[in-house]
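Shared between the two complexes below is subunit A, which has subunit B as its partner in the first and subunit C in the second.
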Partner chain A sequence: MKYGTVHFEDVQVGDEIPPLVKGPIQQIQLTRYAGASGDFNPIHQDQEFARAAGMGGVFAHGMLSMGFVAQALTDWAGAGGVHKLGVRFAALVRLKDIVTCKGRVLAKSSKDDVHLVELEVWAENQRGEKVVTGKATLALPAHE
Partner chain B sequence: MPITINKGILGKEYPPYAVTVERGKIKEFARAIGDLNPFYLDDSVGRASPWGDVIAPPTFAISFRDEVADSSALLRDLGVDISRVLHGEQEFEIFRQLTPGQTYLCRTKVLDVYEKTGRSGPVAFVVRETAVTDRTNEIVATMRHVTVVRL
Partner chain C sequence: MKYGTVHFEDVQVGDEIPPLVKGPIQQIQLTRYAGASGDFNPIHQDQEFARAAGMGGVFAHGMLSMGFVAQALTDWAGAGGVHKLGVRFAALVRLKDIVTCKGRVLAKSSKDDVHLVELEVWAENQRGEKVVTGKATLALPAHE
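On to the complex of A and B.
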């Protein structure tokens, strides 16, 4: 099931979530993301501007890649389960790049019927270089 | 010759601003990411959900903007051009789901400003935190933004 809900008891430390493959990144997606997020920095839209800024050309909003990572988490655990997501933007994502989001369970804890899993999350490009690294905390449902 | 930034903004609290979440903006945001989760896009799935309506994707609050308090205001205060900034880090802590029609108050403050010399030269880091609260002043989410300025 694409939008499945994983249960707390079924998750083990060390488990990896299903990888989510996004892209190839196209200019139109960066333009749509600009409109949706309100981030109209021309460095994501205008090749000449991005080159003049010393960035070697247009690159994707870091927040778009973070959105991909969040999607990998919610595709796995269900919408509404993300309590915390923190990332570092480790490398630029360029046009035509393919971004694969991954995650691995680091820890599990339960308190007062709230069941949390902590994950290491990252996204890598088609050359295996990490473009995003971070951590997430998700609340998962338990079996009845 | 590296530029200098205005470090006087350390501790600055920006004026609070209100944002009302629009149903269409949630959907536009999810679609821009390519995340077609029905809990964001399908009103009938939302109605039947524990939240009683569609919810926003985890990073949606990044779209909460106000011209006197957002990143453009930060750049004006720092005295730097937009072509020099990069997004270094971002964190969201989500206590409750954002839903359409709700009005939230955003308060942003500058927590830290520091400089370092990185692989590609001197850079400054500016750390801001935005608290998102509801009408009863209860915390709904916090965002921590780390902006990198190439000096």
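On to the complex of A and C.
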């Protein structure tokens, strides 16, 4: 795969980025995510703890789902191009869920040599329920 | 540590949350983050690749820094309370950097039984340069 191959001129308002499918979510991924992020909150690891906390059981770190959305963006446009990312955590992601990340171009703008695209982004589970919704701003290279 | 022990009434506009210090960032953490997130972009793993891509060398996943900010919030208020999080990626995080995450309460509001606090959040490196800036909205429990 080559990075940064999407150019500003080739993107149109309304375009969708390639969907990124993640899952089924397994406990080991949440455990690995704890180790990598340093967030060892047992609510993501321990069913009894999560039930006692009133959450009905373990759920994925919100930042893991947000990271999936970010990866859909960087797979499309390269890692250096994401300027802003904001999301609302709309629903919990549970073990065995399959999370599909999508995005659609809302607007384009250029100022001097900076070419920005604004996207609506979201992630949905296997029942089509949105688990994350938000917006992102990316800088894309222009031809030449 | 107990989660969800911060109550709405105990928070005042202008309060700062406890800072969370992460680092020094090591390559192995970026490699672990790749495995946990599924984002294996070599720009975070391979110095030669990152230099060839014009990035001057390996840098941390933006989502890792954003995750640090989220952890500062969830350490303070519990994992279930983060409703919204939006950030701008202001500067790259490099190997050996130390990232300190901070937040300050901007506003409080209540509607029915939902008690929200809005915070300014940011992360800075060991030179005091902001690497991430943004805003978060959290729901906090009220006393009785």
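Please note the rule applied: the second predicted complex is superposed on the first by the 140 of 144 C-alpha atoms of A that agree within 3 Å, B and C clash if a C-alpha of one lies under 4 Å from a C-alpha of the other, contacts with A are read in each partner's own complex, and residues count from 1 in each chain.
Simple rule for what comes next: a contact is a pair of C-beta atoms (placed from the backbone, for glycine too) under 8 Å apart; a residue touches a chain by one contact, two chains touch by 3 or more.
On a predicted model such as this, the values are computed, not experimentally measured, just so you know.
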| item | value |
| --- | --- |
| Which of subunit B and subunit C A:Arg32 touches, first, second, both or neither | both |
| First (subunit B), second (subunit C), both or neither touched by A:Lys84 | both |
| Subunit B versus subunit C as contact partner of A:His44, first or second or both or neither | second |
| Subunit B versus subunit C as contact partner of A:Ala52, first or second or both or neither | first |
| Common interface residues of subunit A - those touching subunit B in one complex and subunit C in the other | 3, 22, 29, 32-33, 35-39, 41, 43, 53, 61-64, 66-68, 70-71, 74, 78-80, 82-89 |
| Residues of subunit B defined as touching subunit A within the complex | 25, 28-29, 31-35, 37-40, 49-51, 55, 57-59, 62-63, 65, 71, 82-95, 97, 144, 150 |
| Sites on subunit C touched by subunit A in the complex | 3-4, 22, 29, 32-33, 35-39, 41, 43-44, 53, 55, 61-64, 66-68, 70-71, 74, 78-80, 82-89, 134-135 |
| Subunit A residues within the subunit B interface of the complex | 3, 22, 29, 32-33, 35-39, 41-43, 49, 52-54, 61-64, 66-68, 70-71, 73-75, 78-80, 82-89 |
